[in-house]
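Next, two complexes with chain A in common: one pairs it with chain B, the other with chain C.
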Partner chain A sequence: MSTASTRTPKRRWVAAALVSALAGATCLATAACGAAAPQSQAGGGTAEQAQKLVVWDWHSGDASTKAYYDKAKSDFEAKHPGVQVDFVAQPYDQYYTLLGTAIQAGKGPDIAMFNGGAQMRERATSLLPLDDKTADLKDRLVGWDAFKDAGTTYAVPITLQGFPFYYNKAVYKKAGLDPETPPKTLAELQTDCAAIKKSGNVCFNLGNKEGIGIEFFLSGFAPGVFSPAQYDAWLAGKRDWKSPEVKQIFDLWKQTNDDGWYNKGVNSTAMFNDQFTMFSGGKGGNVIGLISDTAHWKSFDEFLGPDLGVYQAPILNPANVSKTFLPAEGGIGYGVMKWTKSPDLAVDLIKSLAGTDAEKQFFEKAGAIAADKTIDTSTVDVKAAGQIVSWLPDSKPLLHTALSAKTLDLMHRLSQQLISGDVTVDAALTQLAASDK
Partner chain B sequence: MTSAGEAITTPRRTTARVRRWHISEHKLAPLVLVTPALLVIVGLRIVPLILGAQYSLTGDGARNGMFVGLGNYRALAGDPVFRTAIKNVGLLFVALPVAVAVPGILATFLFLKVPGHRFYRSVYFFPVVLSPVIIGAIFNILLSYDGPLNQGLGKLGIGPVDWLGNSHVAIFSVIGVHIWATFGMALVIFMAGFSTLDQSLLDAARCDGANLPQTIRHVVVPELSRTIQFVFVTTMIGMLTGMFGLVYVMTAGGPGGATYLPEFYVWVTQGQMNSPALASAASMVLFVLMLVVGLAQIRLIKRVTKEV
Partner chain C sequence: MRERGFGRWVVAVPMCLLALATIYPMLFTLNVAMKSRREYVLNQFSLADHLTAANIADAWNTSGLGRYTFNSVVVTLGAVTLLLLLGSMAGFAFSQLTFWGRKWLFLVCLGALMIPFQVIMVPFFRVLGQTGLLDTHLGLILAYTGQFLPFTIFLMTSFYSRIPAEVIEAARVDGSTTLGVYRRIMLPLGRPALLSVGILNALFCWNDVLISLLVMQSEQNRTLMVGVTALRGQYSDNIPLFAGGVLVAALPVIAIYLFFQRQITDGVTAGSTKG
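For the complex of A and B:
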């Protein structure tokens, strides 16, 4: 049996280890307590790691975009042999959550895909300014404004985003309407909707479960409501939420629902993809769709074929508007994260991703209207695609992407409350004006 | 040469030292044994908790890393969405007795061995093994505006209800589905509690002429008091922290933010609004809320189930 004196050194060691471990954990906590989220470069790295670029996106797993990514990758690898490129496809509904976590940790991809507007601007402090690195792209690509924050460019546009009105000619025909003459004014739209409703279809397919239906409605109809000066002022940040024009759009949002333009239960119907599935399935006369990476001419053409038609926003306010246009701007783009070890390589990879050959694949195979204006779009024989491309030179940016994420989130909730009758249009606009200060 | 006095005092000092070490040994041994667990708890629980608390006192965006005191907590107090989330926690309280009573009553039937009790036991437990996302997707179909439930109601002459799109109904739909999806686990716990019931007490009650309600009130409930406490607390914690999947899939927090719960608020604030410090403050509120609720429930249930 050992004595107390013989065990003492071991006990001391154990005690010391225990105390050290606890102290270490406490120190870790204490040290970390003083640290904010890293703002700049994080961690070291070996030379081998520097020769690898990681790209986060939500598309590289899609079969329809495989040709695009293959083309971009081969182009880059030809210029930079030995540099490995990893495209990591994240689920879209988790994308910004994952990216937010990466930003807080100061570690993550070298390059990230962004939606233009608020989603990119909210994260601009984590991105490298690209103006002095992308001068050679400025003329070839369009849609830069959506990827600028305070005049500085943080991402390169790959596709354009816009809100054309798609319609189903078969539904129009069934309602006794001329399928080749979509509505050009509010009066015509109301007449058409009444006829479509009478024929047993809904006039518009709408899903507002996420609250984003209002974004499409506001940006989609605004070219027919706002005067050019008002439109530009809104984009410049001078937004008058109490103006008759804004009220007109929000009134219309509520009124059209009350008048039964939409499928029932819009607040419990998902926009992606229930709303667009209904339209593709011929269960609606119209839908405000996209031109970027989903719910666009190509996905509708697959189901509707020659019955697919497209038109620009009708004129709702003749006092302000004599001619409308397609609201469109940069859709998705790539930015370089601040912590990348090889900014120049990352920019070169983005240039490959924005290359004409790669973008052509994105347009032809995936249906996204590319940001590259030099692409020959005549190879696609879908009439709607040709019309959309022809409208691009007159387009102006979307109204809702000029808003902050906070105001957009509020607008999503208010759009649902307007439909359910829990808030008045005036009260909703008051809240939005307060949020948008 | 030492004096007599020294000769006496020196052994005393040695004895005292030995005794002190002896006490330390007893204290040290358990500490050494629990050290691995302690390190895991400190490293993976306490440190993140302290970090979260610290982070909740800093700013977001341009003020990232700056100390803002209680600014985030003031922002939460002024945010109607967060207030709705907290209000919905109150609704969870209201629903809690139902969430406990349903498995309690069903477990009683199973304990009484109603015909087919083995089959029912499996069926009741089955939803527990399903992912909330799958359950949400199933109920999205069942509860959709033109879904089977509304079609059934239509045949009864009752107008359709927008179960997930009506701001006054949606939260009850989500809570109802959550109760349906999770009561199997509470049922199993109740079954385990029933298996520990002292049969002699039940026999004694029967001999004394107690009827079923009296037996339940004076024998079953006091005997199951610890089980009931446990089910109450775990069910409440499950409601506060385990409904994210359902809310996300079924309503996405809508309509109009009517189905927000603190956990969903934390996710939206961090992931969608890119405001991690504000999200940390919200999660600290949720943590304190759970702590208070858990302790209050234990105290309350102890008092209620104590046989006088």
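For the complex of A and C:
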């Protein structure tokens, strides 16, 4: 590096000024590390700002949920004229990263949307307890358990989440099977899969690129494996990862792949939305789908129409199970952030978002099974939707949402390694047991 | 030296395969954007039946991509201007001037290159919030400037180091001040480097999602890439529409690359050789 050959105080001053200018800009990011002064609460300090509520979600930009949000907003504005409501739809991929940053900085929206289970529980300390503010909703809405942490409610359920088995009657028919009789036992499922495979189709569509296929498999098949007592114990935190039932499910995960039940390239296929696109396109006999905001009866019905069928988990373990059920619980819900300046207004807005008329729009237009048990679902003329709703009273929460985010992350990785043969079932269960302590 | 005979094929075949692997995703996206939703669901890999820009038009019209494009242009131009100004001044100072703490300050700048943005996300968010810069164009411009300035300084310092000291000495003899040397000698001589660095920074700013997502809190202030990322969530079951949005977002980047590919290559390799 060459330098100016002569130096004068004036030149040094100019050089120092140049470098100071750049240092100031460079350090905007780095100096921020040491500049964390006590944080004022969000929502603003003026009366005008206090009359504005900001809601973060990942749905309000969807064309299919427009009617739902319009209804909720008009309902709230009728009760609170002059209060501005801003729904900000964030990209789902980045949603929890963004929310996590806001939470750590103590500044962000007044209300946030959450998935039930681990995603909400991990952030419960940033939310206002809602038990004393939502008593009037308790009977009308279902799915509260997914939004509780240590017995305290932190969010209001809007939709339910569950894992029914959807099937394509045309594929069953082509395989020489009775399209009106889906499998009820593991033996029947194996027979059906062999027939479907022989007819040139894949038995199940699966995408495990994100590693979450195992969540659907575990929670989807568990009602046919666990005894009611074991199921309840799992949800209560008494989980025996070395039990024959857990091993049976993980063995089945690996075995079904080895037996060629799935489409090729499972670990490089995205579940959202390649797996479900394949099923909608008629390229699979079955799929473990959802009842909440995507990959549900409505999206499949659009392409399969009357060929769409749905069934509950088959019985895999007759010694434990005589009758299965739909695993379902709270799907998505809204919680009030601790830093909001207007907690009462925020709760009122959530009540509008959970209103019966708004929820009906969510069910009919967006296809999610609403958490409101009083809405009339008979207006939807899709057999699968009616069946799912009729199964809800007997449902129990999903098994995987009882796990911590850390254990779920591990399970995602292990699910891929099991399929690729890089880990044995026993080794995977040992790791999961250690993580879930 | 040009390869001949078998050697030429050994080089050409892998290069062609690499080019194909690079171009295929773009062609696939283009093909998907030309399909109807039903066509895509029924066969993802078939060629589109009819060539139509309906999905691109829908993505543009229904998803606010026009507004997002405007935001991207504003913050990209603002950030690149600031980056070139500060980066060239700093590069000049670090390469040609002697002052106390020069080496240490340069090391600090190089060190900043090693800090991933995720590490400073939270304090970054707080400072922007406290200074009222959150959800503003200026906030995002400053954020990009802070994030990409170390890289700019590194490249400009490297370029200016190659300018012989005699050039500056001659200017001094003619009575030029330091600011005069910067303005009349360094800026004109640095034009090729400024162009390369400017294009690279423009691509960085244009393609960024995370910083923009963090700074721009309201939907109307979003940049194009964040808008397209949001499209993926909003239209997760309408991939052709999403592909249309991706094309809208990618076209300016492709255009920049086609027009300025030599400068981009120069920018990427700057500093790798001396002389």
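Note that in this section the second predicted complex is superposed on the first by the 393 of 437 C-alpha atoms of A that agree within 3 Å, B and C clash if a C-alpha of one lies under 4 Å from a C-alpha of the other, contacts with A are read in each partner's own complex, and residues count from 1 in each chain.
Everything that follows uses one rule, which is that a contact is a pair of C-beta atoms (placed from the backbone, for glycine too) under 8 Å apart; a residue touches a chain by one contact, two chains touch by 3 or more.
Since the structure is predicted, the reported quantities are computational estimates derived from the model, not experimental observations.
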item: First, second, both or neither for A:273, with chain B first and chain C second; value: second
item: Touched chain A residues, chain B compared with chain C; value: C
item: First, second, both or neither for A:74, with chain B first and chain C second; value: neither
item: Which of chain B and chain C A:96 touches, first, second, both or neither; value: first
item: Contacts of A:209 with chain B and chain C, given as first, second, both or neither; value: first
item: Partner chain in contact with A:374 - chain B first, chain C second, else both or neither; value: neither
item: Chain B versus chain C as contact partner of A:104, first or second or both or neither; value: both
item: Partner chain in contact with A:294 - chain B first, chain C second, else both or neither; value: second
item: First (chain B), second (chain C), both or neither touched by A:88; value: second
item: Residues of chain A contacting chain B in one complex and chain C in the other; value: 4, 7, 11, 14-15, 18, 21-22, 25-26, 28-29, 32-33, 35-37, 39, 94, 97-98, 101, 104
item: Chain C-facing residues of chain A, complex; value: 1-7, 10-12, 14-16, 18-19, 21-23, 25-30, 32-37, 39-40, 42, 54, 58, 61-63, 86, 88-94, 97-98, 101-102, 104-107, 272-274, 276-277, 280-282, 294, 299, 303
item: Chain B-facing residues of chain A, complex; value: 4, 7-8, 11, 14-15, 17-18, 21-22, 25-26, 28-29, 32-33, 35-37, 39, 94, 96-98, 100-101, 103-104, 122-123, 125, 209-211, 264-269, 405-406, 409, 412-414, 416-417, 419-420, 422-423
item: For the chain B and chain A complex, residues of the former touching the latter; value: 18, 21-22, 24-25, 28, 31-32, 35, 38-39, 42-43, 46-47, 50-51, 54, 58, 61-62, 64-66, 81, 143-146, 160, 162-167, 170, 251-252, 254-257, 267-268, 270-274, 276
item: Sites on chain C touched by chain A in the complex; value: 38, 40-44, 62-63, 82, 86-87, 89-90, 92-100, 102, 105, 108-109, 112, 115, 117, 120-127, 129-130, 134, 142-143, 145-147, 149-150, 153, 161, 163-165, 168-169, 172, 177-179, 182, 209-210, 213-214, 217-219, 226, 229-230, 232-237, 239
